[in-house]
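To start, I am sharing the structure in question, which I have written as structure tokens.
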Amino acid sequence: MHEECGVVGVSFKDEAPAALSIYYALYALQHRGQESAGITVHDGAQVRTLKGMGLVPEIFNRQDIQRLKGHVGIGHVRYSTTGSSKIENCQPLLVSFKSGNIAIAHNGNLVNSKELRTELEKEGRIFLSDSDTEVIAHLLVKKLMNYELEDAVQELMKLLIGSYSLVILIDNSLIVVRDPLGIKPLCLGQIDNGYVVTSESAAIDILNGQLIRDIAPGEMLIFSNGSYESKHLVKSRNHAHCVFEYIYFARPDSVIDGELVYNVRMRIGKTLFEEHPAKADIVSPVPDSGITYAIGFSKESAIDYMEGLMKNRYIGRTFIMPGQDMRETAVRLKLNTIRPNIEGKSVVLVDDSIVRGTTSRRIIDLMRKSGAREIHVRIASPPIISPCYLGIDMATREELVAAHKAVKGVEAVINADSLGYISLEGLVKSIGIPLDDLCVGCLTGEYPVEIPGERCTRRQLKLSEF
Amino acid sequence: MHEECGVVGVSFKDEAPAALSIYYALYALQHRGQESAGITVHDGAQVRTLKGMGLVPEIFNRQDIQRLKGHVGIGHVRYSTTGSSKIENCQPLLVSFKSGNIAIAHNGNLVNSKELRTELEKEGRIFLSDSDTEVIAHLLVKKLMNYELEDAVQELMKLLIGSYSLVILIDNSLIVVRDPLGIKPLCLGQIDNGYVVTSESAAIDILNGQLIRDIAPGEMLIFSNGSYESKHLVKSRNHAHCVFEYIYFARPDSVIDGELVYNVRMRIGKTLFEEHPAKADIVSPVPDSGITYAIGFSKESAIDYMEGLMKNRYIGRTFIMPGQDMRETAVRLKLNTIRPNIEGKSVVLVDDSIVRGTTSRRIIDLMRKSGAREIHVRIASPPIISPCYLGIDMATREELVAAHKAVKGVEAVINADSLGYISLEGLVKSIGIPLDDLCVGCLTGEYPVEIPGERCTRRQLKLSEF
Amino acid sequence: MHEECGVVGVSFKDEAPAALSIYYALYALQHRGQESAGITVHDGAQVRTLKGMGLVPEIFNRQDIQRLKGHVGIGHVRYSTTGSSKIENCQPLLVSFKSGNIAIAHNGNLVNSKELRTELEKEGRIFLSDSDTEVIAHLLVKKLMNYELEDAVQELMKLLIGSYSLVILIDNSLIVVRDPLGIKPLCLGQIDNGYVVTSESAAIDILNGQLIRDIAPGEMLIFSNGSYESKHLVKSRNHAHCVFEYIYFARPDSVIDGELVYNVRMRIGKTLFEEHPAKADIVSPVPDSGITYAIGFSKESAIDYMEGLMKNRYIGRTFIMPGQDMRETAVRLKLNTIRPNIEGKSVVLVDDSIVRGTTSRRIIDLMRKSGAREIHVRIASPPIISPCYLGIDMATREELVAAHKAVKGVEAVINADSLGYISLEGLVKSIGIPLDDLCVGCLTGEYPVEIPGERCTRRQLKLSEF
Amino acid sequence: MHEECGVVGVSFKDEAPAALSIYYALYALQHRGQESAGITVHDGAQVRTLKGMGLVPEIFNRQDIQRLKGHVGIGHVRYSTTGSSKIENCQPLLVSFKSGNIAIAHNGNLVNSKELRTELEKEGRIFLSDSDTEVIAHLLVKKLMNYELEDAVQELMKLLIGSYSLVILIDNSLIVVRDPLGIKPLCLGQIDNGYVVTSESAAIDILNGQLIRDIAPGEMLIFSNGSYESKHLVKSRNHAHCVFEYIYFARPDSVIDGELVYNVRMRIGKTLFEEHPAKADIVSPVPDSGITYAIGFSKESAIDYMEGLMKNRYIGRTFIMPGQDMRETAVRLKLNTIRPNIEGKSVVLVDDSIVRGTTSRRIIDLMRKSGAREIHVRIASPPIISPCYLGIDMATREELVAAHKAVKGVEAVINADSLGYISLEGLVKSIGIPLDDLCVGCLTGEYPVEIPGERCTRRQLKLSEF
């Protein structure tokens, strides 16, 4: 699963080189996208941009960063499913318009992208990519034809439905915008001589900076000359922070919308035990995603934490020959069992989520082959029963095992002795944010924005209500 | 000098794979652009495109060509000065608009590109590249909002000032357009089961096809289902075929606007002797560009043809260390003298043109050092006194040695014993096309289109006159 | 620190492709060497080899593995300090000699390599690389001139001083040899239709095989036609298994000389607490190397295990600009603090070893800056006071902080509130192998083989005693 | 056809950087080998080497050349058939032996390489490559065990049968050796502050140097401190200069064994007409190899020189799809016809040689398709009837069309109206060197050295006669 991105914006008061700080911040956000990366900077007179396919240190070298002169800039890392991985889709997207240049980097997904695009095409406009970002660029420029910046952005936000954490460079002004529901994270940090805005606070730490606060849902910040102005452009009764940022995406050392991800995960682990206790010899995570949950579970249950699976740190793209044995080899290349730790034992196996169930099944088969006596699976998220339309490429509804089977059915599919998912209540409690301010569409099938063919429990905010 | 491009369009009646033919045609056009190449094809249902930096065989492999399914398509090779060499500028440019997809490949240069772009930006449009081609895409789509295809293209042509040989794919229709002055070449060939349109007829030969005719200036062809329709959309009293296609760019084995390039060059060589006879022991070309001229000169003069300079066939990008000796080495890496052929001899040295004069000077110095007694330079073009605005990146007026010096002055700069340029009349006679139908702006400073700050001898065609 | 290698040999009874199994095994051994890898196979008639720089999946693709036909073969992964990283040093080393081909892959380091080489050069022999492996190849071929295989290998072993786990292919016979002290690991596994010999048992798991046993120190195995013969060629009163295989190198899921590495590390963690108890709020590892130790420490001490440092999983080769801030950034790029987990807390920080002390100092400074109240460092190895001559490129004696300072001195250097190293006795007990059968040269300065300028507590075995 | 190599050695009196001069010389020798290149230099204290696959400018950049410090050094470019193209075979071959380092670069082919190797293997020696050069390295070191340098090289030369132009670096002494028959070229030049030895004099020109003389067959030069000493170690009654250096390999601007290649080719062209006159409208070369011959033929015959074929300058590695049309396309990608130049005409087509006849046939078919009325083929070499064992990978005897057919038969195979090969006498006269001093084995089947299964007209020199 998982289409994701990371964004960063940096504004220095003086001549400090923004590109270097953006480079390090992208490095810290690399887990949010490994397919491509890009940096755009402005030095007051000229805009410069460099984008490429691959990991941040593969794309940029010292000379590149030195050539990217400018005290203000934005950056982006991108993940994508294989099909559409091409250089044209790399961000920031840089466009020229009547008053100069605009560069945009975007984390999120618009639900009404196709409709907006069709509207724009009806006006005779053309598109060079199939990205949401180009749609946003068209709309922003269109609004800037008739409005001042603040109003233009407000008008833009009225049109966009979905998740968007945006960092925008209009000539040498940095503008950041977070969608009214605050679906994707975005936070503000103080760094030496300036400010940084980024998807995760861990990137602020890298720059030896201090997290100031999250960008509020519906808020716009405009940076210039080392200070910034805040505008709350769109108000929303409630927010809809993505729970999977806590469950899977974000780094444990990031603080997102006020909560340290590590702590959330530890609390989830504890809650999992409260809700689904188990008698077992050991608690073992599926590495790496299950580790913190398993430690929390172990602490609460007093069952020994012991690693029964070993992840290969040097996994690259390999190939598998046809044949039954090869399927087992394919799993073992990534996850080997530590046989003596599980042989003859009853094991609580903790993972973050179950999507299709096939990987869980293979891991459990492997553990049984290595002699595990009982395997009690505990999952840090409630069953995923519905697709995500707001930024995560999880799977189609057909592929989601929990969309079609009750817990007992999934238990059978993955061949576990018992299976316990955390409850939605338990998850919400562990995160520490009210349910009404979370997006749990994939867990409930009820989304915070109107999506054709899906339920929307919250009354959709009408444009006129903004 | 020389910014150039090559284009090709292929339309098959049946399911034959257009990409393979385009690939081979681009191979034959490689001399027109070595920086990047691209192919776009359509199979009736879907558009597919692949572009990349480098030479044609480096970009496309067998699998790529097989994946590019479709019986109609276009291709492009591109040369460029170093600065703007980036993947975003590769062609074909593929855009989506309200009725589908348009892919465009362009050879030429618009003189009013900036004005057109500014107009479009005033309407709120945005640009993702700085290419003329994106301007053309906007205008074409804009016209298609209000007109049927034929009228839309005619309206488009009324707006474009400059040179343009265009191959366009609108969904699975191939459309080709040549500017009303016919500045850049474009010709039509019959191939097995279909048609090919290409910058040079040599690319038709590669496909074992037959040259049918040149696309007429101002003509549009629309291909579908293995046949084509011709529309003469814009009439121009006269044409303005670029003389430098004959002098330098085109392959000798291409027939351009009715004239075989090899024959033109042979005639130029003969005319050069008639106009500037010389008594000498040998006639020697600057390889490769001077070879055919030198053979013509030798034949007419009965002076022995003998190579005094040897070109290294394996020149790649090398580097030169600072120092006087190194400058000589730099020349010798590309062109070595065959000392025994020139020692003690009076040499007629034939080249296609002189731009800055520095290369000529270095070659002559080298030949003198190798013992040449006299060096009589004969040049296959008249003095270049003015820049090209219509597709060739020659040099600025400041850099053009003949813009500031009379022939005697250039003779001194390059250290020749005598210097003879072909006359404009001699050139025109050798080409075999009336002066009124040639573009000789770089040789006279008078251009066939209005260019701010330059003279335009021909009365500029007003839009209303079309 | 750390020059290391991994080796694998595979022998199938039938036509099964050895290269595929070797490929997967090398994948599992990737942590032992990321600089280069190679595979050599024999199909009964012909030897085939492929080597390259980089990671295993970067070097070999599906076609490569299919082309490497043969039912018997060997493989190698190699780590190296930057200086000597070149393709010529990649293994297996393939040589031809009077009776055919020999391919050799080697893990270990010869102490008397230079002397042996000088002797060989005195005989007029030449060397194309500077590797120990070429020395071994010369000696083996030399002995094969006068002895049958078994005796030749025995004679060879009499000459070699140091560590060597060898997999050798003489035409289509696989021979494996482990040095008489068993310094580097080597074990035997049963796989479907054949056998595998490899540095670590985790590679046997990958192939869905079963660990049979370790190769005994001084033992040679000869494989042919799906069976093998064992010869104990050299007896040693004691062994000298490298303790750092347990402390750092080996995968936790490998069983080495009878001990599961994970369990050894867990026991070390517990022993560390027994020897150096601490009152603290949390136990935190330096990830990844300190994790298992910290879990053991936590279990024994009942102090909460909590991660105070977060490792960036996507670290590539980056660059750092000069400046004080940049040094902090350099550390944070690899290890970020999870501030809320350590702020105001007393932390037990667990790591595997201290070499120069500089990294420890930077981590502790970072943790203090993030608000840690007290930092009590616990180290899973005794102080490293002496270099390794037997396969690990740790550092020179000058660089080793503990070579020049007592524990209190190191404590000051790294700025810890307290520092506790495990004792040698505690380490030995935790490993579960008698001290007399371990190599602890780097911890005591007393080596199991004679090294000029160093002490050798064990009476060195004289050649005549074999 | 054609396995070839180029070598260069440079010795400076002072601290001038040899690597830079070697780099440029290799550039000038690139036509002798495009597969790999290497440079080895010595600065008095240390040897440094860099080798790689590809063209010279692809392998070495400015930093590489600057790092290759040393005032003396050697270089090599290598061509090879696809099979054995691997980095291990790149030269110079650098070995260490008892007294230091030896680096060797070799152009030529030993006829008795296998025998010598077998002898060496019987002594227990091992080989890491399958190159002649490693055999030479073993023998040289072996002789240096018992002899001083001069005698050692003389002893070495007594053992080697075949062609060898060697440049050798023993520590910081440059030694060059040419085989007693002088089969492959090697010449000496004066450059600023030192000397250069190289396969072709064109490489001396590049360095702004002066050709002093050819290295004599059987001669050794030893360079040190900016001067050199000459030793004529082996005398041979006659020499055996390879005629194909003149016919095909060497650059036209090189002087080889006293003859300018360009002039030889011009004389061959004239002689061809004398021996095989033709009535025709034009003389046309197969470019590039036939050009100079065609010019000579034209001059002598007074038949117009006119290019009927056009070579694509940008040929890279392409692929061809199956199918009849594709074969024609394959030829046209490299050589297009200039139809108007040949249509309806009788053409004399001049080429350097015919190996298999298939390429000639395809070219002639193409020209006939383009309307040529008659095609009279004239070939600058006599029929190739026998393989080359001395450095050229032409073809096997089975593949050589002239090995099995008389001229009339070849004429039919290639579909020419007439076919005329130059006579051996005509060739010898044109070269200007007596037949007894040329190697014409491929033309007569009689070789200057004994080759099992082949005739050797010259009495083979016995070792005792040296």
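Here the chain labels run A, B, C and D in written order, and each chain numbers its own residues starting at 1.
Quick note on the criterion: a contact is a pair of C-beta atoms (placed from the backbone, for glycine too) under 8 Å apart; a residue touches a chain by one contact, two chains touch by 3 or more.
All of these numbers come straight from a predicted model, not from anything done at the bench.
Engineer: In contact with chain B and with chain D at once: which chains are those? Just list them.
Structural biologist: For chain B paired with chain D, there are no chains in contact with each.
Engineer: Call it same or different for chain A and chain C: same when shared residue numbers make up over half of all numbers used at their interface.
Structural biologist: Counting shared over all numbers used gives more than one half: same.
Engineer: For the sequence-identical pair chain A and chain B, determine the rotation angle of the Cα superposition and round it to the nearest 5 degrees.
Structural biologist: Angle of rotation between the two copies: 180 degrees.
Engineer: Where the CA atoms of chain C average out and where those of chain D average out, how many Å apart are those spots?
Structural biologist: Distance between chain centres: 49 Å.
Engineer: Between chain A and chain C, tell me the centre distance in angstrom, where each centre is the average of that chain's C-alpha atoms.
Structural biologist: 37
Engineer: Where the centres are mean C-alpha positions, what is the separation of chain A from chain D, in Å?
Structural biologist: 62
Engineer: Residues touching two or more other chains, restricted to chain D: which are they?
Structural biologist: Residue numbers touching two or more other chains: none in chain D.
Engineer: Which chains touch, pair by pair?
Structural biologist: Result for touching pairs of chains: A-B, A-C, B-D, C-D.
Engineer: Residue numbers of chain A touching chain C in their complex, please.
Structural biologist: 20, 24, 27-28, 30-31, 34, 55-58, 61-62, 192, 202, 205-208, 251-253, 255, 260, 262-263, 266, 288, 292, 295, 299, 304-307, 310, 312-314, 316-319, 321, 325, 328-329, 332-333, 336-341
Engineer: Flag every residue of chain C that touches chain D in the complex, lowest number first.
Structural biologist: Chain C reaches chain D through residues 87-88, 93-98, 102, 118, 121-122, 124-130, 134, 137-138, 141-142, 145.
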